[in-house]
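Paired with chain B in one complex and with chain C in the other, chain A is shared by the two complexes that follow.
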Partner chain A sequence: MSEKVLLKGNIAIAKAALNCGCSCYFGYPITPQTEIGEYLSSKMQEKKLAYVCAESEVAAINMALGAATSGAKVMTSSSSCAVSLMQEALSYASSDELPIVLVNVMRAGPGQGYIFPSQGDYNQATIGGGNGDYKIIALSPSSVQECVDMTYKVFYLAQKYRNPVILLVDGLLGQMAEPITIEDNPYPNIDNSSWILNGAKNRASRNIHSLEPNPKKLEEHTLKLHKKYLEIEKNEVDWEEYNCENADYIITAFGSMARIAKGVSDYYKTKGVNFGVFRPKTLYPFPYERLRELSKKTKVFFDVEMNLGQMHKDVCQAISQNSQVFFIGRPAGEWLKQDEIIKAIDKIFEGQYATSI
Partner chain B sequence: MIKSFIISGSGGQGVLSIGSILANIFMLNNLFVTYCTCYGAEMRGGAVNCEINMSDKEINTLQNEKVDFVVALNQASFDKFISKVKENGTMIINSSLAKILKPRNDIKYIFMPFSEEATKMGDIRMTNSIALGILAKLLGGFNFENVKKGYEKILSTKTELIQKNIEAYLLGYNYKMGEM
Partner chain C sequence: MQQVYSIPKSIKQNSTFTFCPGCDHGLAIKLVAQVIDELELKENTIAVASSGCSVLLYDFLDVDCIESPHGRACAVATGIKRAHKAQGYNKFVFTYQGDGDFASIGLAESLHSALRGENITAICINNTNYGMTGGQLGPTTAMGQITTTSQSGRNKEYHGFPIKTAEHIALCEGTSFSARVALYDIKNIINAKKQIKKAFEYQKKGLGFSFVEILSTCPTNWKLTPQDSHKKIENELIKVYPLGIFKDIEND
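Up next, the complex of A and B:
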């Protein structure tokens, strides 16, 4: 086993990206993810890899699209308001079926907001702001160790499905250091020789584009993409359960909030109340089925988020009609702390319905 | 058992250096650690602080309402964080740059003129390591080899400073509590 090191989430992501063969990075600095680009700027030069500090986020992600057509493993990273600028390119990349990795270390919105911690980009990641029937795979780590493990995974999923993938990281995790071990990339390389643009030597020419003036062909293409999404939904759903078996109550949370939720669960355990924690690791595809199964036994859910209820609607959609979900959240600015969540839950127990703190 | 810490001072005082050294020492002792820094550290004179959690179990309390220990290297840090100390918690204060006042009576205070002691050593930059020595003494159970390794990890490129910092650490560590 490798030696333990104390690393910030941002640096951990950058190291893991290099480890699994990321050979092109395009980015534009923005707090709280700037360390990713800063770290890669020197390392990629040492290794003679492609690093471009682009003139804007729009340029950065479009450079990533271009580089991906060549079969290179590409990454860009940014934060909330700047990821908004990238939505058009994500729709194009989905249609072009380009394996792009986009790391979004979230800050507070809406608009420019500020560098405060937030989980306000759940909708942006899972629904998106681009046009057309497209889906972006989205993973959300809850520890610095998972920042490494999931970086490996997002590169793999991007290549496997030829689809853009978002790593949605809480600002806190990007900035927080924890002891981690960096093992080798466990995933195999995917053969991309059938589609990449590498010069038409000894083969027919290829092109990659999303423009399709033939209605029949466009429909076929979109249905093909849709079929791929169904495949992703079948194969790649991932989640973590903490004391969920026989739980009287279950807290649903993603990212670092799920850890705070575990603290809440531990607190109620000392009071003799069984609280489970359910954490989607993949936000798209969302673990609807497992949550529905759990809701057959557990009738009351608390959805806890650092926003005003974005994953909430997915939890509501997942659980059976006989269960109910209370939402506990807080928009960006101050951190939603364990004590506040417990206070909110106790209030709900007393019959005072709380929608937000 | 989880213990939480805030180390605070102004840019250039080495707040983040001892913060990451302390976090590394915990890691080398096979404990769980989270280490968060606040923005502002890039500016000399700007307010800097970091927050550390340490536990023998997985840490789920990532942000604390209040902490067990606050190390304040100047007056602004004392004023800002005195309300963040838990009842019966401890505040370690650099009395060279902060007034010896005890506005709360439910916490312990340790005042020591770190900056003056560091100047006596011939290098005011050692202020932070003296403070770390005191904190280590209060916590107990520090393996000195791991302390050395912690310094080596953070100051690896500045070998000449490691020995000096460890001397400063020991000065703090061996300071008699009665003198404070």
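Up next, the complex of A and C:
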């Protein structure tokens, strides 16, 4: 299992899902993630696993919701505008405490946008579009290797916390091939025998529902969920630091943009300027504390995103009052290249303080 | 002394129906529970409740149950059935939905489950309006019927036409059984139970999607007494929604 193979992100995710025991997939085609469903369609049928070409994304996520009550490892995948259709079910699944893995390989928006690379769904993933006080765990890979590693992790986290988890993948990563190794799933299986619906045999019947006509009970339930989210925030925050020790400047970026940011860091190193890169691997929970700590030493941050500043607000919230954040971003369509970022940073250094290129 | 009647084992023993007086939901749930008992399905069943009055199912029915988002019950049931099948188990899975849930907001999920021949059963309570929200025009509201959103009666210019759900489901190749029943007298109640049982048996046999539409009263929103509500079904509604079996793959 440990030899290097050249794989596209989408296929790597599909392979990793099968590797860690995903037995149910429900999906509807949308570029740029369709290869996930295509790959799984034949593999899952061979293994007699659950695979449905759903009639819509709404149906797909609700099939996932139903399947998750069995305790099975369940996945659906989609992209941006179609993930919008799934928000209702994510709110339900959060209240129902059902482990669902949703892979969103992002395309550009708003609306139908196009299949250009974009990071426009940061808000959708971390804030969510459903109703009520709920949270979805969101992980962001920045390489095809991480697509595999994080696929293992999202299944684990979904089961561990009985909560929907989003793997938020840049369209670029879904479509890009890189040499990777596919190791075995390192995470343990979680015992779910206390809550799954498999027929009330030798036990009382169970029901899973979000409707609660008793105000006191509804409040208790929502507070119970909130307590779980605090637990997730305490345990699961994950990030990567690149040259952040003693950095005079730090670029914050997630997903594929963080790779380009590393190139920027290397460039400034040759000029004798200490530029670090801080990359949240978990977008929710966001690494506020670590960024705050870094901002005690580093006073200037550049937030670089392929959108118009969605993670920017979290970076602003994290850093101390004595630091400042400049935003450099591009919404969709054209790629934000290393040279452009450097040009934008140099402009800011020249005192022009442009906040967007 | 021989006991000839008792509350079905699949009804929660200390529960009391909380539906409006004269509503047929209670009777429909009782029939479903009796069939579950007779087919010995209680320990192997996962029921899917939906939005609207039918969501209360899990308050009364003593089987594993999940509440579905509005209209998605057949998709949720599909996921449940397939997930267990992938693990080597044949669970009994059925949905309990209203007409708005099954045939309006959930029409795509309902119809496609039937087209796929999904091996589940759907029970649809058709009371010709959105009951829980106070009686608005729904997909099954009859022409001329007064609701809070069709105050001078349903007309084709503003509202279009109602859907004959059981007939539509019968057209799907994956459907094994589709029937419409009513509960306005003893004969019909006995027949309703018979058809529910057949629908459940077809799932047990793995024959595909089975469906029973139950014409039901909504006295509160119809503004009729329970007795007059049943008369309305007998004298008016069965002309719009004829009773019968529209598909039965073992007997057609």
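The rule is simple: the second predicted complex is superposed on the first by the 356 of 357 C-alpha atoms of A that agree within 3 Å, B and C clash if a C-alpha of one lies under 4 Å from a C-alpha of the other, contacts with A are read in each partner's own complex, and residues count from 1 in each chain.
By our rule, a residue touches a chain if its C-beta (ideal position, glycine included) is under 8 Å from a C-beta of that chain, and two chains touch if they have at least 3 such contacts.
Please read all numbers here as calculations on a predicted model, not as lab measurements.
When the two complexes are superposed, the chain touching more residues of chain A, out of chain B and chain C, is C.
Contact with neither chain B nor chain C is seen for A:Asn19 once the two complexes are overlaid on the shared chain. Of the two partner chains placed around the shared chain by superposition, chain B is the only one that A:Gly263 touches, whereas chain C remains out of contact. With both structures placed on the common chain, the touch criterion links A:Gln175 to chain B but leaves chain C unconnected. Overlaid on A, the two complexes show chain B and chain C touching no common residue of chain A.
Chain contact summary for the complex, chain A toward chain C: residues 23-24, 26, 48-50, 52, 54-56, 58-60, 62-70, 72, 74, 88-89, 92, 96, 197-202, 205-211. Residues of chain B touching chain A in their complex: 20, 23-24, 27, 32-37, 39, 58-65, 153.
Within the complex formed with chain B, the residues of chain A that make contact are 4, 6, 31, 115, 172, 175-179, 256, 259-263, 266, 335, 337-339. Note for the complex: chain C touches chain A at residues 12, 42-46, 48-49, 55, 58, 61-69, 72, 75-80, 82-87, 89, 91-92, 108-109, 112, 116.
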